[in-house]
Every structure is written in C-alpha cells, then in structure tokens.
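In the two assemblies presented below, chain A is common to both, partnered first by chain B and then by chain C.
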Partner chain A sequence: MVGILQRMSGLRAALRYLSAHRVFSSTARARLSSAGLCSPVLTCSSGQFLFSSRQVHAGADAPKPSPSAAPERLPFSRVTLQDLDFFRKVLPGRTITDPDLLESSNVDWLKTVRGSSEVLLRPQTTEEVSQILSYCNSRNLAVNPQGGNTGLVGGSVPVYDEIVLSTALMNNVLTFDSISGILTCQAGCVLENLSLYLEERDFIMPLDLGSKGSCQIGGNVATNAGGLRLLRYGSLRGTILGLEVVLADGRVLDCLTKLRKDNTGYDLKQLFIGSEGTLGVITAVSVLCPRKPKSVNVVFLGCETFEQLLQTFQLCRGMLGEILSAFEFLDSECMRLLNTHLKMSNPISDCPFYVVIETSGSDSTHDGEKLQNFLEEAMNLSMVADGTVATEDSKIKALWSMRERVTEALTHEGYTYKYDISLPVEQIYQLVTDMRTHLGDQAKSVVGYGHVGDGNVHLNVTSPAKDPALVAAIEPFVYEWTAKRQGSVSAEHGLGLKKRNYIYYSKPSQAVALMGNIKAMLDPKGILNPYKTLPDDLK
Partner chain B sequence: MVGILQRMSGLRAALRYLSAHRVFSSTARARLSSAGLCSPVLTCSSGQFLFSSRQVHAGADAPKPSPSAAPERLPFSRVTLQDLDFFRKVLPGRTITDPDLLESSNVDWLKTVRGSSEVLLRPQTTEEVSQILSYCNSRNLAVNPQGGNTGLVGGSVPVYDEIVLSTALMNNVLTFDSISGILTCQAGCVLENLSLYLEERDFIMPLDLGSKGSCQIGGNVATNAGGLRLLRYGSLRGTILGLEVVLADGRVLDCLTKLRKDNTGYDLKQLFIGSEGTLGVITAVSVLCPRKPKSVNVVFLGCETFEQLLQTFQLCRGMLGEILSAFEFLDSECMRLLNTHLKMSNPISDCPFYVVIETSGSDSTHDGEKLQNFLEEAMNLSMVADGTVATEDSKIKALWSMRERVTEALTHEGYTYKYDISLPVEQIYQLVTDMRTHLGDQAKSVVGYGHVGDGNVHLNVTSPAKDPALVAAIEPFVYEWTAKRQGSVSAEHGLGLKKRNYIYYSKPSQAVALMGNIKAMLDPKGILNPYKTLPDDLK
Partner chain C sequence: MSGRVLVGVKRVIDYAVKIRVKPDNSGVVTDGVKHSMNPFCEIAVEEAVKLKEKKLIKEVVAVSCGPQQAQETIRTALAMGADRGIHVEVSGKDYETLGPLHVSKILAALAKKEEAQLVILGKQAIDDDCNQTGQMTAALLDWPQGTFASEVSLEGDKIKVVREIDGGLETIKINTPAVLTADLRLNTPRYATLPNIMKAKKKKIANVKPADLGVELTSRLEVLRVDEPPQRLAGIKVETVGDLVSKLKETGKI
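Then we have the complex of A and B:
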C-alpha cells in the first residue's frame, strides 16, 4: 500500500504538471485517430486474412460452403457499350474502365474479397448520382456504392461485376453553423478533412476512427460507424441530423434537415444509417458537432480481476462523469504479444488486465483534479493495482499505443480469427474466458481487448497457420454464446458480405423478414449493393 | 460597468456559496420537471384552447375545413357484442365499457379533441396486446394506442369510435444494469416513476418533461419526446437502445436489445420512435441512462439584443462545455406577462431578452468556477447586461419559474395561438420579430420563448378573444416563413390529428410518399391510430 501511495504521489505530481502546462494536446488528439479498428494502411502479412477470395466466392476449402461465402451471381444485366456511352455522357472523364485504375475499387482493405467490376463511376453531384441510378435501375444493372473502402466485412466492394459508384469526388463542405455546430457536407468528404476543417473552427466531429484518413462520412453513416468517441458523444443515430439519399430508382430523398428537433412524420434518414448502401446512396450529410475539448488526459491502469476493472469503470463514470471520453481495456495476453512481437514494455507492473482512460474537458485544472480524486479513490478501494499518468505528449502517445497496437501485435502471432462482439458490459470478458476453456490446446492464444464503455469486445483466436478444425471449434460456438446472452455478432463492423448469414444470431426472424420487406419496398429490383447485409434466404 | 462589476462580485460570492454548500439540489431537479411543454395539470381557462372539438371535427367556423379538422370516418368495423366477448375473455375485468370510465380516455389534455370510443382495453402483457391487435386487424377494427394522454396535437385520443388500447397497466421495470446504466421496462411505466427508481440508484432518465407525472415512457418514445435534457443527453434516437413492438397484425417484433452497439441489419426500432402509434404499439423499452449529476447550478441573465444572446450561448458552450445542461430564453414581452398576470418581479434590471442557464456536473466546486469564469467573460465582453445566480433552493426555483410560468401567464392574456417551431438557431427570434411586423395592431401581443440550445422557439400570438381574421393573418404565414428557412413546423409535439396536413411545410412530397409506403407495409388495413400523423391525401 505504501508503494501504491508513493506511486500515487508521483501520479499527483504528474497531474499537477498536466494541469499547469497542458491546455490542449494536438498529439493526444492525433493518437485518438489511430486507435480505431480499420486503418487505411494495408499490412499484407498474408497469414492475417480471415477469408481468401476463393473461400468467400466458392467455399473451396470446405465441402459445405461457409455462410460467409458469396452466393451465386444474381441475374443482373451485364454492362454493354451502350451503357458505357450513357455513363460517359453523364460523367465525361469520370467513367473509368481501365482495369489498373479499377483494381483498388475491386478489392477490400483486408484483401479478402475481390470483385470483377469493369466500370467505376465518379459522380460529383447528387443529380449525377440520380441519373446513374435511374438508368441502372431501368437497365437492371447492379451497383456497388463505395466510399473510402475501409470496411472489414466485404460490404464496400463488388462481389461480381457490379458497377462501382464512388462518392470520392463528392467532397465539398456545404455549410457550417458555428453557433449550433451543425455541419452539412457531401458524402465523399474524408473524415479527417472534416475533422481538420472543424478543428480550425473550434469544433470536432462526433466520431473518430483509425481509418479517418481514407474513410468518407457517407460510408461512416451508411455503416453506422462506432469508433472512439461513441462513449462520449453517442452513436450516429443521435448526431446525424439529416441525410440526402438517392434511391435505387434515382429519386432524390431530401431529408437534409439542419435541426436538432423535427417531429414531422417518420424519421426516414434512420433507415439509411447502417444499411450499408443496400437501401439508397447517401449523397449528403448533416451532423451535429461537439466543441473541441480544451484539455485531454490519459491514464494507464492495471487491475487484478475483470470484476475490479468493472468496478473501476463504475467509479470512473461517477467521478469523472462528464469528462470521461474513453475507457478501453486489454488483457495480459495482449500485453504478452506487445512485449514479444513489438518489443513494447509494460509501463506498469504486470497485471491480468489493463485499462486506458481518457478524459476530455473544457478546463485542464478541473480535469486534472477530477482524475486525481478518481485515482485516489480507486487506489484506496483497491480496485486498481498500479497505474501511470501521461505527463507529456510522447508518454500519452506511448500509453495509447498499448491499446492501439494490439491488432498489429496479433498479426505477428500467426493466423488470427477475429470476432467483434457486443454484450452486456458485465459479460464481455466471460466470452474470452469461456473460449479459452472451450478451445483448450487447440488455439495458440485467445486474447481479448476492446471498448468497455461500449460493451464491445474484440475476441481474437490465433493459431500457427490456417486451421479449419479450429474454425469449426470456434464457430458456431462464439455466435451461440453471444446469442444466448442477447449480444450482437457485429457490434460496429456491420454484416456486409461476410456476416450476412449470421444475422439470425442477433435478430429474430420477424425482424429479418421486415428488413427484407423494407429492401423490397425501396429497391424492388435489388440492384443496390447485392449480396450484402441481408441473409441469402431472403433473396 | 462599475455597477456590473459590483454585481459580478456578488455573483462570485454566490458561486462560492454554491460551491461550498450545495452538493445536489433535489429542488433544482424538481424545477426541471415542470419546465416542459405539457403538464398533467389541466388548466381549463376556456379562452386558451386552439381548437374546439367542433372546429376540429367539422371545421364549423369556416366555409373550407381547416387542415387540422378531422376527415370523414373511415370504413372500419363497429364493435359488436361478439367483439366485447372476445376482449373480456382475453382481458377479464380490464375491458372497460362504462362511459364514465371512458371519459378521460376520449378527451385530450387540452380538451380540444373528443372521441366517442366505447371500449377501453387495459392489457398487462405483450401477449395480450398481440392477441388484441391480431383480432382487431382480422375484424378491421380501428385502435387508438394510448399512453399517459398528455400529447398536444390530438394524437393520443380516438377521433371517432376507435378502441382505446391503454398501456397504463404495463408498468413494470424489467431490468436495470447499474454498470452500463441500461434500463428495460414495460411501455406503461410513468416517466416520473422511472426517474425515482433510477435516482435511488444514482442514475437519471435521459429525458425530462413537465408531464412526467402522467406521461408514459412508451408514449414518450412513440412521440419522440424532446424535453429539458435534450441539449445535454441528445434525442431518444440515440438513447433508446431497444424496443419491443406489437405490429398491427399482432406479430411481436422483439428488438429489445440492451446494447450500445449493434450493427446487425437495419435499425427497425427507429421506425417506431416518433411514429405516434401509427406503425405499431410499443410494449417495452430499453434506454441508456446517464449518471445523476452531483451538482446543479442556475443563472438568470439579461441581454440587450438577440445577437448578444446568441454570442452568450456560443461563449457558454465553449466555457461551460460538458456541464451545460439548459440554455432557455424569454423575451421582454414574456416578462411583462409574468409581471402583469402573475405578479412576478424581474430579478434583474429590465432587458429585451432573458436567459436561464443550468449546469449539471460531477463536482460542485469545478462547476461553480466554470460558471464564474464564464460570467466574468460574458460581462467583460458586454454580452450580458445584468444577471443573478441562485444561491439557495428557493431562489433557484424562482429563477426557473421565470421561464416555466410564461405559458401560464399567457393563459391570462386572452386567446392564445401557439406555434412550436424549430429553426437554425440564429433565426429563431427573427420569426417573432417578423410576425410582430406582419401582424401590426391585429394581435394583442406576440411573444417568443423556448429552448435556444435546441433551436426551438415557442411563438405565441394573443388576442382578446378568438379571432378568425387573426388566424388567417398568422397561417399560412408562419408555416411558409418556417418552410422558407428549412425549419420544422413541429419541433417536439409531433403531428397527431391537428398538424398532419401541415407536414409538407417541413417534408418534401417524396419523403411523405415514402412514409405512406411504410405505413401501408406495416399496417395495410390502417387500423393503428387512424387520422393521425400522415396527411389526408395519402389515405
């Protein structure tokens, strides 16, 4: 205890330093941007891929096709020269057919799904999108709407020869209201560009993702992206105020409201948030942006048990209250991987669990004091075994990297099977424990990390090489385990191509049937992003 | 300026007192509960009613029926003795046909819409609701789902002889997770009861309304209620995590997820939030609840211009940041009404505009300091002409009442025409100014007050008595003015019966048509809450 208190005295000094010297750390904010799950930088260690293109397309590795394998091509029309003539007339110089230029649009970021599209369309305006869709619908041509193509479930690339409709050139900010903090912009604006635009105006985007350098706001909305600020600013369901959407038949649905309150009829925009481009193409977005925090602090703590970690979370919510902006965790297996593969040393003493806490507030002195009071209480109540506070930018960066680089460390461990599970927060680590028991010696390692604040655990199982027997031991065990506890088999990644057939583990058949009705209502020919989101038995 | 600074010094002393002595003021919270727009206490000063039953039903005061008048009865079946037998079998002792007992269910809170239902059903379980709707759908019997019946747009009462389906007996809390703050409960739980339940557990509901003593959470969700905490905790679109809904044909849609993140398919629950009982009957709710704030402060300020008021809001958002929980305003006409009719004296010197600011935080010392710094800055920048801070509960209550009792003061002014308009925040007061100019001497007074933080103004025009010529001068001017600025003609009250035909002022015809498609998909016979929300031309 004396040792802990001595350390606490060090923490206090650090906090005083923080309070006195730091107003706003741009480095700390930059750290945030790389803590997400998807990154635009492609690390091609081949052993890391969950699915090969062949596997997804033909289920070649198993007698019975995997539920993630692509279904047969649906009877859409094939693109003709006449079609190309039309597209070139609407989009002169922006109708791409060069295979080299199409390559990056045909392959997803994980390089696990490869389409064979021969046309990439790059509209600049909503009117152009409307003309394209109206034409494609009349011609029964399938369309794959594509934003930054940073998705992880094969939702953002063509599966066969769907026309790729990229929003990349629709990248203008339309309006920004510095009183209300409401931004409207075209769908193709890159998240990082929006963040920079807003930070110059003393605001921030309500979401932040590792892929911010590539991902586009339209894609973020279409996939209902979660990310690092959800604990603090809530989901896009609340922060997206309006959308402009082009429907499958080319009709433009203007719900681009810039209002915090509007109870005139059904909230249609919600249909398109998280629909992964299967119900319409989002062309513009209106979003409520928070003020830029003036003070950011980061702490790294160790806990002896997951129960203590949960108690710490509870205490933290109470004592840090309005300034808590992240509560992330990793287990000792993650720390071992960081030590072994990335030569990163543990900044505190060895513990079974580690926590990264971030605060964002409007007064650095107050934030520092709240953090100090919380740490004292957590120590006094023996919830926390050890901890350290960042006093300078480089240390802040180092602390965040203990959480952020787990994914990278895993790529060096062998073949990794990844699951993104949402559960009642009390149960998120039980999945890891039960999986360990269930697999025994079959797995090389079973590790858990993720967003405690959001009840979202990233379960990773590694093996020296690809191992169908191991997959058979993990699945459907992991899905059944999750379903039994009313969890979600896709917390933030969506269903896309790969997970579409697992939907029943998290949604009752009545709900899935209703989703099918909505799809049929909005896109009766099914031309928008086919083979995605909805299970095969609905098609 | 010296006077101002002397006053500021008084403010500082008050803040120090606040910091030192107040931890959490239950009175301050109670004040919040009565600041909303709907109140369960019926004040029957007849001159205050916008619509008379006759007017709404028959448009008797004008040759052309008002857009708010009820359409002809649709050809639903009439309730037979056989139907009653069925209901009594499913709901023994809870099938009400006594006209006296039905009276309160047939009339809305404003006493402006009166139905003639002869059956009130009071189910206790989802299964009972399912049996009732399945039966009614097969028999083509219209159903009016009813919660606390506190709505202001005639959405919560039958228009003709619809069967009233009350959720009042579905009032059980199902689960509460004190780590995540996620509550699940039946739809009929009264908001205040849920608040009390949560406060005992150190949490609060994310919404608070004046009608909390009567309104039910199911009705709150069905109407997407706004209320007093929206500025801080966001809309129900973000805080409602799951719903259980019974569809028109009796199918139970179980989307009662208790997860912060779930990206498995379309978010169906959003369809039912704000659909005013026209798409399904909400039977259970899962909601994310914030921690109870430990410290609450209230300030009353005066501004010389609305531009200064907006500058004050901007400064406030920056300096109070995460602890700002309300920013409400009233104009000098409101103050005159308070003085004249309620003998309430202005706590500060006379100003054209007044602001009520509330903070809610986790540390009273910090909150007091933030408030003090903000006030100093606002004074130094001459944004604020005068102000006072509450140092004790009675004064806090008195300050809040300056905002809350405007509605009551208006009832003494004569006949009042009320509009609940949402606009880009810069423009909310321009509507009041323009209306004053537009009406000239025709109106007795034109007053504005409301939620600056939400861009929501309550425009009220008074006259000595009911005045059709005045209405003709106000409408459609007010709706056209709002539409021209992309505002909403119903910020938080919904459309119900009274406003259904004004929907086109805030929604394009493509969107309204799509709403009609959704209604037809989910309720093909149109038995659920007919004559509400959607305009007559869709029916």
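Then we have the complex of A and C:
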C-alpha cells in the first residue's frame, strides 16, 4: 500500500484511489490505525526529517501520529538571557517570564492544547512590535501572536517554546468618523469594548461573536471571524478597509487606509485577513461600521423537523427580507445541555429544533408589523410549533444567550471535539444525524448548532475525557463526508494547529502549494506562528 | 375564593438601557428610549396567571395608567395570560407628574368598581423606586396588605404570605380581599409564547379616564432638579505597603 501511495500527489488523489479500492467499513478503519489515512501519505511523500525521524525511532508497527497532533519541534533558537535583556529594554515591565502569569497564555480556551512558552511580551505600540519581530527574525526565534486566546483550533497558543506576542495592551481606539462610520483602532481592542464605544455614537461593529467579551479585533481579522451577524453585514473581507501589519522581519506595512474604495494595485490586506498570524502581525485595523439599528427584535422559535426549519428560513427571507440580521439554530441536544449545565430553562415548549431570528431596522412600527405578519404566517402554515418574541433589551439578551452559550455548556461535558463545517444549506443537519448513527453510544453527546443562513453547522461531539478511539471514529469520517459534498472542513474557525493537515479536504494541492510560496516569501525563516494553518508536508 | 384579580402593570424604561439625564436637568430622556413592563409587575402578572391556572381565581384584569403606549404593556400582560385590560388614559403634563398617590386612588376606585378580590402589584417601579403604591392602595381600600411577597398561598378565604424582610422571612395570614405586592423571588415570569401573543390580540382593552373614577391628578410635588450620580473617580496604585499607609494618612483615612 505504501508503494502505491508514493506515486500519488496530494491527499485528494489518494482519497479517490483509496475510496475506489477500499470500503471504509469499521474493520477497514481498525486496520488503518488510529491516525486515519492521512499519515501514511505524509510519511512517504514528505522529505521532512520530522516524520522520518519518527518512523526510525518508533519502528514500522508503532501507531502513526494523528494529523491534528503537533509535529516535531523545528530548529528555532531557544531564548537566552541576552534575548531577555533585549526584550526588557524594549518592553520594560512588560516582558513576563513568571510561569503563573504565562499559564493562561500557554493554554487555549477549550483547555485542549498546552504550550511551553517561557516568555510573554506585551507591546503597546506598533514600533515595539516591529523591534521585537526584527530581533526575533535575526535570532531565529519563533513567535506566537496572541489576541484574546479564544480560538478553537489550537492556533492561539504556542506548541513548544515560541515567544507569545500579546496585543492585549494595544487597546486604543485611534479615530472614528461619524459620517462614514469608519473606525480605526489598535489590534488589541476587545470586540465588546469596541461595540460599546460605537453604540454610544449610534453605530455597531459589523461582527458579533459569543466570545465578544474576550476576543480582540486583531485576532478576529487574523482568523476572518464570521459570527452571528455575517448574514446581514457580510464577512470581514468586505468590512475591513485597511490594516497595519508588521511583517516577520520587522517591516511595518501601512495599508491602514480609511477609504471605502481604493483600486490602486493588489489588495494586500486580503492576504492577512484569515492568515491566522502566519504571514504578519496585525497591529491596527480600519473597519467600516454599520449604523446602530433603532429597532431590534429577537424571535425564538421551535420547529418539529429540519425541513420545516428550512421552510421557515425561506419564509423569513421573503417576508422579513431586508430587516433580517441573524438566523441561527440549535438542536434539542443543545437545549438539554443548556438546561443541565447552565441551569437555563427553555423559553418555549420542547421541540427537536430551535431557531433564533433577529431583525434590525430603522422603524420599530414597520419592523413590528413585518414580524407579526411573518409569525402569523409561520404559525398558520404550521412551520413553527411554538415561539416567543422579545423587544426589550433584557429579554433580547436572554434569548440570544440560549444560542451564544451553547459553546460554554459543552465545556461542562468533559472533552469536546469541535467541527465547523460549511455545506449546502439543506444538508447541514444531515451531518449531525449521520454522525449520531455512526458513533452510536461511543460519544456522550452529539450536538449540532450554528449559522443556518450561512450554511455553517458546528458539530460537537463530547466525551467525559479525551478518547483516541472516539477521535478515530469521528475522523476522517467527518472530513470525508464533507469533502464528498464539496463542503469546507473549517467554515470560520480556521485551521490553527488541529486542522492544518486537513486542508486538502477542501483545497486542491496547487492552491496549497501557492500558499506555501507566499508564506516562504513573507516569512522565509518561518518564525510566525509555526506548526499552524499550513500542512506539515509543505516546505 | 373564586373572584377577580386586578394586576397593575407600569410601563418603564427597560432596565438594560443606559439612562441619560436631559440637558436641562428637568428629568431623564424618554424619547426614543426602549420601554418595557416593570420587572416586578411581570412577576405580579405571572402570579395572577398562576392562580388562575390553579383555578383559585376566575379572571385576571391588567391595568395600566399612562399615554397611548401603555396599551403595549397591557398587551404583554394579556399575552402572558391576563383575560382583559383596562387602560387609564393619562398623558402630557398629567403623566409627567403622575405619582403613587394618584395611581393608588385610581387602583382603589377600579378595585371597587370591578369587585376585585385581590389586587396584585409589583413591590416598586424601577424608575422611581417609590415602593408606595401597594401600601397606599391597601390603606385607601382599608384592606390588609401582604407586601414584598416571596410566596403566596390561598387558604380558604385567607391568604398566607411569606414576606422578605430585613431580618429574613416573615409569614403572615391575612383576610381577603387584600393587596399583595410581588418581590423578586415570588416566581419567574413566563415568556409570552406565540400562540398566546396571537390570542392576546383578540382580548379587550377598555379605556377609562381618571375623572370617570373621581380621581384628581393635580400634583402636590414639584421636581426641582435631576442629576446623574457623581462620577466615580479613578483609584491610585501604590507600589509598597509603606506607600499605602502614608497615602491613607495623607487623605485622613487613618
């Protein structure tokens, strides 16, 4: 098998070959080993010393490492006392080496990955970031840019002893133009703080996430965060007007334009949006903000079947149209977790599916009327089994938290395996149903929730503790299922550490190769956020 | 007891809204600001609806005093399960000076007119924090009162009320008819569900003027000035315990 695979390039080809010649029954999976089918390809096609060294030491019969596990440490320099002296000169009082203080920067929010960084740097200005990176580049020291550390794919924390470069102290708003709605601010501004700042001035941020109390705008941009408002305001690729980025060698790239339209040359900022800190460190952001809606309504509905949920979505699009600002769903399993772990009670009667709909408009009377008509129609056509409406801020927050806190409720189950998949809208729940059948009682809970409107489902599987057998059952089943339907294996969470090697399920190998070229051009020494985003077989 | 319950509901600025004082310090900004039912009134409505569901009372009537928009608040009560509403029209200058004494007189008149067995109100409104209407209504009617109720149970023609007081909880038994005011822990108000919201549209809201009830709205109080609470000053950081002690001495604290 190994010999045949060596002739293949890229995982897609391998997949096609294997699926044609093998049936992926449970027996086949057991024979393949816990790593799934990715590693055999990687071990032979890469000239990497890291995998070959593993093979040499571990022997032919040893279990292959999982594609989401960390690779071997690359030969970066290690931090010396001289390095610390330099950092302390540039950032007096903001060079942290105390292990207790480093703890929260070394572990991700989900508590699933842990690094062993010994240095946390907290610059306040772009100039300081530039000096740090210039130094680290010359010294061949790896750097892990870190914002709010709320990422879900292990991309925000060090894998080994990378220096953590935190933007937490770069939290100033620079300018705000109340006519154009264009805000410029430093990358370390917490999203919720920006929202509060803007709301006082009658504007809002174009994105909203459950983690808004901790996540920073720089990190949002670096991960091209989606969130709850994407349906209405679009992605950051449209709302970010400019960026200031510090490159790997310390050069400051000032593309912080405040213009709505600027077609002069290649749009470099698009490279950095979603680059997950691997092409440069974002230090300032210019964002186009929408006006704060005068009238916001939130509706919480219950549907008997997913088909009815989709019909409700179509009806909603038709009758609410321009005022629709969010359409989210959660299943009854999510409700059970909210009840059990967070003591949040169901606002309506028990249903298999729940929908959160938000409308945002400029006239509460018009919007109220549109909403009433829609709700009456939905009830008359029996698309909706039950529901409730909120117009007051307090109730709106309460209803939104039913959707926003599912992620939190899941953490109380033990260990959560998270999958963020985008598919054609009609198919998004099929993945959850198929996974449930597939896993049987191997998993504690299998839940699905997410952005119906964007065709994005968050599939979560929980177990009391980390369970390699469970992972083996889930992966690569979930990725193959997705690839078969031309979906994305990471709709909005990014690839980070955990999903870097699955990129081939959603991107052709030429695309990935070109990404590698760009990385090599912008960061020749590979010091920016190594081990992440791009697959191990590139270099 | 199988009678009618009168529930007072007040339209106030939503508790999650940031309050702004008018530039002329004459009051707070209410134009274009989100309003909703006073949270304690919601609890009162919930308690009344619960009693009806237990078949201990026959009818729940929701009452609100205010301008046209007060009807929205009554509709919310109807969507929660009240049977009909009474909107006492008070607007303009009269509404600006409307206070607990006026409302108590109105509620007392209505309680007599509707032959209510029970009047349930919120313990206080979150805009004025007066905590007077329930008590004054009971006095005007010469009815017993069970205020700050965290538990209510009907026992024949008497009502057992567990009250939240400073030292803990006090249990009293009062005769009916009576006035009760709801405290926070009495219940958790239900969400108005869609089927009920639809049903509520068909329920009746009667219009009444204070004059019809023989109530005069002249106010004996005049608001002189409204100010924001003083800004909280930033703290000072000190490096050592010695510094802390000297700073405390400096500012005369020790």
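The criterion applied here is as follows: the second predicted complex is superposed on the first by the 415 of 539 C-alpha atoms of A that agree within 3 Å, B and C clash if a C-alpha of one lies under 4 Å from a C-alpha of the other, contacts with A are read in each partner's own complex, and residues count from 1 in each chain.
Just so we're on the same page, a contact is a pair of C-beta atoms (placed from the backbone, for glycine too) under 8 Å apart; a residue touches a chain by one contact, two chains touch by 3 or more.
Because the structure is predicted, anything quoted here is derived from the model rather than measured.
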| item | value |
| --- | --- |
| Touching partner for A:Leu375 - first (chain B), second (chain C), both, neither | second |
| First (chain B), second (chain C), both or neither touched by A:Lys343 | neither |
| Contacts of A:Lys484 with chain B and chain C, given as first, second, both or neither | neither |
| Which superposed partner A:Asn456 touches (first chain B, second chain C, both, neither) | first |
| Touched partner set for A:Ser394, first chain B, second chain C, both or neither | second |
| First, second, both or neither for A:Asp386, with chain B first and chain C second | second |
| Chain touching more of chain A, residue-wise (chain B, chain C) | B |
| Footprint overlap on chain A, where chain B in one structure and chain C in the other make contact | 294 |
| Contacting residues of chain B [partner chain A, same complex] | 177-182, 202, 223-224, 226, 230, 234-235, 237-239, 251-255, 257-268, 270-271, 273-275, 279, 291, 293-294, 310, 313-314, 317-323, 361-363, 366, 369-370, 422-426, 453-456, 486-495, 499, 502-503, 505-508, 510-512, 514-515, 517-518, 521, 533-534 |
| Contact footprint of chain C on chain A as seen in their complex | 294, 300-301, 345, 347-349, 375-376, 379, 384, 386-395, 397 |
| Residues of chain C touching chain A in the complex | 14-17, 32, 34, 36, 39, 188, 191-195, 197-198 |
